[in-house]
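Common to both upcoming complexes is chain A, partnered first by chain B, then by chain C.
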Partner chain A sequence: MVKYIMKRLGMGLVTMFFLITITFFLTRIMPGSPFETENITPTMLAAMEENYGLDKPIDQQYLMYIKELLHGNLGVSYKKTGVSVNRLISTGFPVTLKLGLISFAVALVIGIMIGIWMSVTRKNSVRGGLLTASTLFISVPNFVLAIVLMLFFGVKLNWLPVLWTGSFKSYILPVTALAVYPIAEISRLVHSSFSEAINQDFVVMANSKGLGKARVHLVHILKNALIPLVTVAGPMIAFQITGSFVVENIFTIPGIGKEFVNSVNNRDYTVIMGLTIFVGGIIIIANLLSDISCALVDPRIKLDKSK
Partner chain B sequence: MIQREEYFDPIEKEEQNSEFIAIERKSFVRDVWERFKSNRRALTGLIVLGIIMIITLLGPILSPYSYDGMGTSINSKVSLTHWFGTDALGRDLFIRVLYGIRISLTIGFVTTLINIVLGILYGGIAGYVGGKTDMAMMRIVDVMYAVPSLLYIILLMLIFGSNIGSIMLGMCVSGWIGVARLMRSQVITLKEREFALAAYTQGAGAGRILFRHLFTNAMGPIVVSATLAVPQAIFMEAFLSFIGMGISAPQASLGTLAQSARMYMSIYPNQMICPIAMICLIIFALNFIGEGLDEALNPKGSR
Partner chain C sequence: MKKIISCILVMILMVSLAGCGNSNESKNAAADNGSAGNASSATSTPAATDAGTATDSTTAVSEKKIVTAIDEMFGSMDPAGFALQTWNGFASLCSTPLLSFDSEGAEVMGAAESYTVSDDQLTWTFSLRKDGKWSDGSAVTADDFINTIKRALDPENSDSIYAEMLYCIKGAEEANSGSGTLDAVMVTAVDEYTLEFQLTKVCPYFKKLLTLPVFYPSKTGVATNEDKEWYKDPAKNLCNGPFMLTEYIQDQSYTVVKNPYYFNADKVNIDTIVNVCISDTQSTIAAYQTGEINACSGLPDYVETQYAGSDELTIWNMLTTTAILPNMDVEPLNNEFVREALALALSREAICASMGANYEPSYTWVPKYMLSNTGSAAFSEEETPFAEDAARAQQLLADAGYPNGEGFPKLTYTYPSSEKDAILAQAIQAQLKAVLNIDIDLAAQESEVYNTTKREGSFELLRYNWTADFNDPINYLSLYTSNSSLNFNHINDADYDAAIENSNTTADPAERNAYLHEAQNILINKNFYVIPVSTMHYIGLRNSNITGITYNDKGEASYTYADIIE
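Presenting the complex of A and B:
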């Protein structure tokens, strides 16, 4: 087990290094100087480039960048003077994280409940309806959902605020937009593993011991049915982050996704680079944790993967 | 074993037919098609997609409006003359949506095709050669795959500009890895099977075994994952264009159309609803087709 974890950690480090390297070199070959504007003289341009160390050979720049990264410094913005990427992250990320965690928690609770409902219901029509609905909601693109929610509840009915104020009410629409896909995914997953677990021997045993229905369902079956959820937790977090790009953009939430989109649209190369590495790093770490906890919960997974 | 002489007598005519199989023989394709047809949702998806494709191909030829021709009626509502209304420059939205569908479908199918070919080659070689080569090849792929594809696309679009080519290139950077992994695991199990051994003993080369024998048997899961990759690619393009990082004007994909409708969406909701409804329709149809193919190609109960 220790060996497996070490191996995964090693892979994670290599991946991080790969991400940093390609981001650095791809950003460097992007056309145009970051300071190029209409009224700038060549001497000013050279002075600016010298100031930011852009006149040095590329390998030196690369080493410098890595060194700064190891000190936890993701660089400074070229477009907004004096704004560092670290500051953008420290202001934006808490908002994104809060939104992501709330919607993930909501998705987990509702998803598990719907999943159980799908498995224990005796009405085929209910099960079929829920399954079809979950298929549909998996296919709906997140920005479409966000727009529809906004048009309907924000504009048409005027129940909920369209713009971000940070109040409880303004959380409702973005959280819904972010939670629908995970709800659909989680409920399907819980449904399939729950229906599988329901026929196993330990359930028959628990039933024959005369345990109450609620206890059997919620303790004995659910415990086993939740293992697959650990597997999808990593990719789900990745989805939440990329989802936040669009949801933050639509609802004007000052999070990291909005910052990222803005930096791309402004061609603010260092910010793009810093945020790419940050976002990529988070996703890599999330997948890593998900993989390791999978192996801890269910050792069979490890054997499968090493094949 | 005792060898008796009568074992070597030629058999009678009737006896030759003793192993005749009396059920109707079906080709593989027909078998799959029949199973696919019986799935109502999948069939609906196929029909819807077919209709959309025909309209997108014929629409621009038959319509009186052109893709970028501006008219006098600006921001008009849905009417008989303009089925989806017009935009702020008086361009007919129906025609623009049709062109958007063309872009979406092109991106979806072309990237998927490239990814399948790359994935099959890479995964096939890794699985067939095995050993250290396989290990090294799959480790490289693991590293590339761990970086979210959205980041590749954004970086490449910044270098090569916001056009269809760079978006497709970005999707191909790591898009083939799923197929490669699938192909590899299939090849690893299939290459131990008797038919592969039989081909080998008859002198077939590695290439022939891999592509003629192993590939045809591994196709089922690959086709399914590829069908499901098409809507994902379409979604990715629409998503990027929608947040302003994708295809830029004057080309208009469905995402770009939705993006430009955003500012006035409470006043002219039709400009927003038409393109996003088409995106949903296409993605639903493709997902249903993928699901149907999955059931038809990998039946669990009937084997």
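Presenting the complex of A and C:
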């Protein structure tokens, strides 16, 4: 186990190295300078590029960047005067993380509930309706949903605030917008694995022992039905907590999702790099944790198949 | 039956779990929000909560509060730094320049109570008002103006985008380029309340320049180039305007309150103005409609239709012109007939109709609403521009050797990839095909790439836009002298250079105006170096109970004497 984790971590580092290198050179190949604005003069532009070391050869810039990175310094934003990328992440990420975790928790609970409901109901109309709804919500992009929610609950009914304020109320709309897709995904997954498990021998055994329905459903079946969910949970959490540009933008949430797209548009090289490294790290770790927890839940899964 | 009960039990269990999870998370959320806010600025309260209480303000009878939407924070609040939109909005609330101009173009004395000009027009002396105070109660002195100017000219300060606007001051250019010293810059404090400028040559528009960021004061000893973030700290970002900064949260909001030390503080009625960053226009409109914000601008044109006739609708006629730049180094655009044919072939009414209600045709390079220096009329209305004429355009193209567009090379029109610019490009393409039977390729580029293309001159036809820095035609016309670094299509015309030079050396406003008209005439009528297409206005919304808004010579709204009526 320890050996496996070490090996995976090693692979993760190699992945990170490639990620950093490729992103670094891609950002530099991108045409356009971070300091380009409508009214800037060529002398000003040259002075700014010199100030940030962008006039140096690209290999030198790369070595400088790696050196700083090894000291944990992600550099300074070119567009936001005096703001370091570390600070950008440390202020933006907690917001995104919180929103992502809440929406994931909501999705998990509601998704599992709906999944079980779909499996145990004897009414075909209910099952059909839920399946249709989940298919529908998988295909609705979250920005469409976000705008619809904003216009209906915010502008039309005036129940909920449109602007993010950090209050409980202002979490409701963005969390809903972010949670709908994973709810649909999770409910379908739980439905299929739950339906499969419900007919297995151990369930028949449990039933015949005279155990209560609730106990059989919640303990015996659910435990087994959740294994496939654990495998997808890692990437799903990573997806949720790395932020959604559109949802953050619409609800003016000061998270990192918004920074990501802005930084690419603005050619803010250091911010692009910093966020890529940060999000890359999260995804690698989330996948690793997901694999390990799978092995813990299901002893049939061997992590180290080759050995 | 049993099954149903078990199902319900499952549900209840799940819901209760969900409930627990949520309430815990939101408690943490509330706690963390404060710390996140703190980390991004040196202030105490999370700004976001302020924004949310816009509707609550009506219950607090005494406080008059306005919440406005601003675009993302672009640039800084340092007048000697990267002073763009953010500075502009902030300065209109919190800073007072030496003097400014009202919507009619009349002078309004600000931090200065009077000024004198020497006979040779080279020495300008400003007497500062004795009751001019910073928001901490200290006096605004001549040194505070010099502080901004010298910080902007410091060659080490690579953020000062308006440094070149100071080159009219003796020694400024040398100091900025590193060949001179900052001490040799001839802006001096004669005494605490007397500021003197010595200019290199006559500068008829010097007063207009005083509304540029670099001529605003910044507190000596507090606003420094060493501290890149002084303006984010309300304790350091002292204000001499009607309002003062109390809170700054990077990329989220900033809040200003009434400045008790403002010389005209008795006339200031609004207590608090919160400026919230909202980058999505859809969200801006929604937040306005829910009452979370009270004023916003930069809205899409359908808002103008939706709110037509409403007193909430605000229209700001911007000083801006969009034009086509023909590259003078490219065949056949170096042929005057070809350029004139292109200019005359377009139907600007049709183009603007397809772009939206906030676009208007422009037949001059100096924007339609820019004031003249001699009368109350707009500068561009004082002259007769060219007239669109399809038949004449066809004739001109034939005269240039391309009858009915035959043999005309396929030119590329480069534009920044935005929705409106794409419509503009397609309209131009279609009209040139219909009228002149010539084909144009369209090349959309991301704005950063587009700006590089523009700078390098690697284009044939270019969509170009210029928005005024200050309200004087010279701001537009000086771009095209042969030695200008912003002369992107490489115009080199001795007559033009002479007209600009003459306008800059004469002391007589009427004569100067005539030279400026001569220059614009060469640019757009005689030689068609620039092909103007459109101008635009900004659409905004503002609660109708906000009164007393005033406007400056650029049409920008000011809340200085605004009030909220119940």
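Note that the second predicted complex is superposed on the first by the 257 of 307 C-alpha atoms of A that agree within 3 Å, B and C clash if a C-alpha of one lies under 4 Å from a C-alpha of the other, contacts with A are read in each partner's own complex, and residues count from 1 in each chain.
One rule holds in what follows: contacts are C-beta pairs under 8 Å (C-beta built on N, C-alpha and C of every residue); 3 or more make two chains touch, one makes a residue touch a chain.
Values in this document were obtained by computation on a predicted structure and should not be read as measured data.
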*asked:* Just checking: does A:L70 make contact with chain B only, chain C only, both, or neither of them? Give me first, second, both or neither.
replied: neither
*Could you say whether A:V144 touches chain B, chain C, both of them, or neither, answering first, second, both or neither?*
first
*asked:* Applying the document's definition of touch, where does A:V155 land relative to chain B and chain C: first, second, both, or neither?
replied: both
*Considering only touches as defined above, state whether A:I29 meets chain B (first), chain C (second), both or neither.*
first
_Looking only at contacts as defined up top, I'd like to know whether chain B or chain C touches more of chain A._
C
*Of the partners chain B and chain C, which touch A:V2 in the superposed model: first, second, both, neither?*
neither
*Looking at the overlay, what does A:I284 touch: chain B (first), chain C (second), both, or neither?*
first
_By the touch definition above, which chain A residues appear in both interfaces, chain B in one complex and chain C in the other?_
31, 147, 151, 155, 249, 265, 267
*For chain B, which residues are in contact with chain A within the complex?*
139, 142-144, 146-148, 150-151, 154-156, 158-159, 231, 235, 238-239, 242-245, 258, 262, 265-266, 269, 272, 276, 279-280, 283-284, 287, 291
*asked:* Considering only the defined contacts, which chain C positions touch chain A in the complex?
replied: 2-3, 6-7, 9-11, 13-15, 17-18, 21-22, 25-26, 28-30, 32-33, 35-36, 39-40, 46, 48-49, 51-52, 72-76, 78, 81-82, 84, 158-159, 161, 163-164, 228-229, 250-252, 276-280, 282-283, 286-287, 289-290, 292-293, 446-452, 455, 465-467, 469, 485-486
*Over in the complex, which chain A residues touch chain B? Could you list them?*
11-12, 14-15, 18-19, 22-23, 26-27, 29-31, 135-136, 138-144, 147-148, 151, 155, 238, 242, 245-246, 249, 261, 264-265, 267, 269, 272, 276, 279-280, 283-284, 287
*Which part of chain A faces chain C closely enough to touch in the complex?*
31-34, 36-45, 47-48, 50-51, 79-83, 87, 90-91, 94-95, 98, 101-102, 105-106, 109-110, 112-113, 116-117, 120-122, 147, 150-151, 154-155, 158, 161-168, 170-171, 212-214, 217-218, 249-252, 254, 258, 262, 265-267
